[in-house]
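In the part that follows, the structures are each spelled out as structure tokens.
Look at the two complexes coming up: chain A is in both, with chain B in one and chain C in the other.
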Partner chain A sequence: MRRYFNPSKVALNLSVFLLALFILGPILWLGVHAFVTDWKYPHLYPSGLTLNWWSKVFLDSALKTAIRNSLIISPIVVVLSMVICLPAAYAAGRMNYWGRKTFMITLFSANSFPKIGLFAAIATLYYTLNLMGTFLGVVIIQLLGTIIYMTWIPAAAFASVPRYLEEAARDAGASKFTVFRTITLRMAMPGILVAIVMSFLASFDEAQGSYLVGAPTIYTMPTEMYSLVQNYPIQVAAVFSILLAIPSVLLLGLARKHIMGGQLAEGFQIK
Partner chain B sequence: MKNVEANMGLELRGLKKILGGRVIIENLDLSMAKGEMISLLGPSGCGKTTTLRMIAGFLIPDAGTVKVAGKDVTNLGPEKRPSAMVFQNYALWPHMTVSRNVAYPLKIKGLGKIETAEKVEAALGLVNLLHHQDSRPGRISGGEQQRVALARALVQEPDVLLLDEPLSNLDAKLREKVREDIRELQRRLGITTVIVTHDQEEALSISDRVAVMNAGKIEQFSNPQDLYRHPATEYVATFIGALNRFEGNLVEGRIVSGSDVIGIRPEDLILSSQQNDDALPGTVELVIPRGHFFEVVIRREDGIFKAFTNEFIPAVGENVFVKIKKSLRYQNGKLVG
Partner chain C sequence: MRSLLRRTGKEGSLANNGSGSSLFGFALSLPPLLLVLGFVGIPILIGFTFSLGFTKGPNRVIAIIGQQIHPKTHWWGTFAAYSDVFHDSRFVGDLVLTLAVTAISTVLVIVIALAIALHQRLVGGRTASVLATLSIVPLFVPVVISAWAIHTFYGGDGFMRSFFANIGINFPTLTSTSTAIVIGSVWTSLPFSILMISSGVQAVPDALIESAKDCGASTLKVISTVVVPLAQTPIIIAGSFTAIGIMGSFTIPLFLGPNQPTMLGVEISNFFGSYNRPQQSLVMAFIVFLAASGIAVLYIWSNVKSAKENGRI
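On to the complex of A and B.
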């Protein structure tokens, strides 16, 4: 087979390459800067390799505290969010079509209200409740950002479990609770996993509200970034960014394996 | 008394159900013996599924009682009733393998591992599906899914087996085979069975007795021959099999005007080329081959008749004599002779 020079194909490849560069470029830049001593414009190569920035992060107590705070707060936020939202999501998923639509749209409108305005209002409430600068205050503010994920996605997942599959289990002798545990919850699990991942990331990356409520006593990784950028060399921020990205990458990998490749996806092939 | 109870399969007495403000089932009585297989047959929307769901316990009747094997179960939920249902779309759980689907009822009952495995194997053997034990329901054919659903019901050793249009999702050829398999299994296990269908051929060929339903009531509950030869109501006569229906009376082999309704089965018309006793002349308008017999449409002066014949086959336009061998007479929808 002879190959012809194909301009449209070349253009396509080029645009894919540029898009990839645009998306991956900053990450590449971060990756390089986390390991080099210095690399500024007129120089073609970095001046040297080092792990210095990493030890700086792990030895600095403020940075360490921020990492620890984030790793404690986000799981708590996710668990609380599940406890609060999943029953509501189940109820919504079991409503009729219009009930569910109304519920979802109400939530969505509340969520699309500008965040910073909401935070300002909450801040005044926090002062009267003495929640400013507290751990609980930060948890609550992050919780707000997860609600939309933890209700919308699981509600849709619960709604998509066919009633007759639950009835078949009742007929086989299972109590209502057993049916929920072994059939409904099990089949809604992919949706719930997605919601957990999205909520964790929303909480883990949340900066505005956490800064407003937490600073200067409680810093999480994203809010620590603000002072980091001002007080440290750029390479330390690069290291920190990479650390910040690790949970997202891990969770997405996990979710992909369990949701897209696994038996759960296969299960949804029959009606 | 005790003996009668032991022989009871299922008894419905005075069942009534209102749904969406409408009376769907009204004063329905039905009783069947242990080991019997019956069909609920009727047109779409007549309340077959509603009746079956009241037997299974998914619907609690507004009035009346449900007794299974002599025990009143009217107010029990489906998990407490000794009935097992095969759903129209099979309702297999997609996240479990075939054998886990079948094992589920036993696990719920708290049976031990070894006993469960034995019973699951026996049930899957019964429906010839041992080779698909570890497959997921989504990966096997419709007919196989149907058999898994059946195995899942049988493994519960129910007092009543309920099947809601179990064959409607299968293609025509498979349907006939599966229905014979179901009947054979039912006979062998001696299991009391109620099957819902709107296919009369299916109902007549598979069941000991058929309950013909119309608008929430049972019109007639009888064996297939009886339903066909002695339909108790005009509705049953027209619903089961083909029928020539005339408004009028039958006098000396001729339809004359009157207040009755006369029904004649197409095979109860005798065609011949010669005049004999009660036969009246007519002209053949249509001859349709129907496989092992011919359908012949004849115009007589008193009406148009459809006849089934396989002995004398006339040609279109030919003049023949038509004799009415047997007829059904209805007054106000009820059989009078």
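On to the complex of A and C.
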């Protein structure tokens, strides 16, 4: 099936090169700026190398606070999201109750309202509820962004656990709880893992809502980026970007196999 | 297999479980539903009444803080804020830009994702997996970072300009143009579409492709009459999610776009924050919502259709 004549091979290699330039170019370009003194047009090399920008970030108390806030808020959001959504995901995947489909579509519709408009509407309510600029306010905003991942993906995972395995285990004398723990939960685990990773990233990377509701009292790492890019040299933003990207790269690296294996795609088809 | 299991499950629950399990399932689904109703549904409803000039009750505080508020003049409210927005010449430019960027970016994303998925399915090999892995990379990068990275890459001091200057070509500064918004939108939307579409294209059975080829169909014919129609649902899901995401995007146009006109996501934020005109800001949000709803209907229709074809309904 593979073709060996040249024109199509050249075209293919060219498209790989262009895609690599398009995707990797910008992040590599920003990444190297964390280690250079200065880099001006039209030079192909920086003026010099330095690590000074790193100490600048680690000595800046505002940036340190933002890092701490992000590392506190995101785990709380993910745990809350699991407690709230996983039972519902199990129900949506395994039970056929009245309004199941409406439930899935309602969650989706909530996602189709433009985020920034929703945040403006929520802010209106937050003023009345005194949640503006509070820790709880930011947690709720970030929680909303995780719901769709934490219900849909585990629901598809729960639905795909074969019933006959559970029945066989029951026949062999296992208790209901043992069956749930050792078969249902274990087989649905890859989907739940993908949901946890996506939710953590959705929360950790959420910027618009946290900024609108949290600023100027609570800054997280992404919202700090908004002021960072305006007030600091690009090299500081580069250092901060590398720090901000670490959790994403680690977590997605862990779940990459399952995400590319179709757990994510499976979750987004309403059944 | 799955649809079979699901169907027997459905019949089973109708036959034995009765309303007890049904009620239990409904109860389990309540927590996220209440959260969404409380912090998405209700704010949107309240916001809608505010856009119509209801300035009492939950809208009292925002009506005091905001400027150029139009209180209602009839029992049902007033369209004064809507008229403000539509008579604002900037809004028309913003709306055109938003729709154009959304349309162009979505088409580009789907075309690129489909090309990579088809290559992976029909040709395969190492190059195909390199392409697939490359296109997943943006998933690993928070949007604030990618927006800023693209900003610097295509900016005045950026790599593209420096590189081309060295071979004697004057590459334009793309940052702060609408082209840069398209670049950023495509960049960030690619992974989700690739994952959706390639999972759909992979699911097309080998037997169908082979038999079409045996009947003498060209590769192009196989793609257009077998693979794409069978992968239609995931393609529509990818397209609608991408379009809705881009239409309401904020960070990408903020970092990459021109000051004027800008995308409505940025303008909504400007009107709410910098200009302190929350009522007009919400009006714009409802206009974007209206456009996004049209796309959402397409998504739901496509899902329902595919469920019917598979015998799940």
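Convention: the second predicted complex is superposed on the first by the 244 of 271 C-alpha atoms of A that agree within 3 Å, B and C clash if a C-alpha of one lies under 4 Å from a C-alpha of the other, contacts with A are read in each partner's own complex, and residues count from 1 in each chain.
Please note the rule applied: contacts are C-beta pairs under 8 Å (C-beta built on N, C-alpha and C of every residue); 3 or more make two chains touch, one makes a residue touch a chain.
Owing to the predicted nature of the structure, the values given are computational and were not obtained by experimental measurement.
Of the two partner chains placed by the overlay, only chain B lies in contact with A:170; chain C stays clear of it. Once the two structures are superposed, chain B and chain C can be ranked by residues of chain A touched, with C on top. Judged by the touch definition given at the top, the superposed model places A:237 against chain C, while chain B stays out of reach. 162, 264, 266, 268-271 are the residues of chain A that lie in the contact sets of both chain B and chain C, per the superposition on chain A.
Every residue of chain A that touches chain C in the complex is listed here, in rising order: 1-3, 12-13, 15-16, 19-20, 22-27, 29-30, 33, 39-44, 83-85, 87-88, 90-92, 94-100, 103, 105-118, 120-125, 127-128, 140, 143-144, 147, 150-151, 159-160, 162-163, 201, 204-205, 207-208, 212, 222, 225-226, 229, 234, 237, 241, 244-245, 248-249, 252, 256, 259-260, 262, 264-266, 268-271.
Across the complex, chain C meets chain A through its residues 2, 5-6, 8-10, 13-14, 21-26, 28-33, 35-36, 39-44, 46-47, 50, 58-62, 65, 112, 119, 122-125, 127, 130-132, 134-146, 148-154, 156-163, 165-166, 183, 187, 190, 192, 195-196, 198-200, 202, 233-234, 237, 241, 244, 247-251, 255, 264-265, 268-269, 272-273, 278, 281-282, 284-286, 288-289, 292-293, 295-296, 299-300, 303-304, 306-307, 312. Residues 162, 164-165, 167-175, 178, 182-183, 186-187, 263-264, 266-271 of chain A are the ones touching chain B in the complex.
Remark: chain B residues 56-58, 77-79, 83-85, 87, 89, 91-95, 104-105, 108-109, 136-139, 145, 152, 156 touch chain A in the complex.
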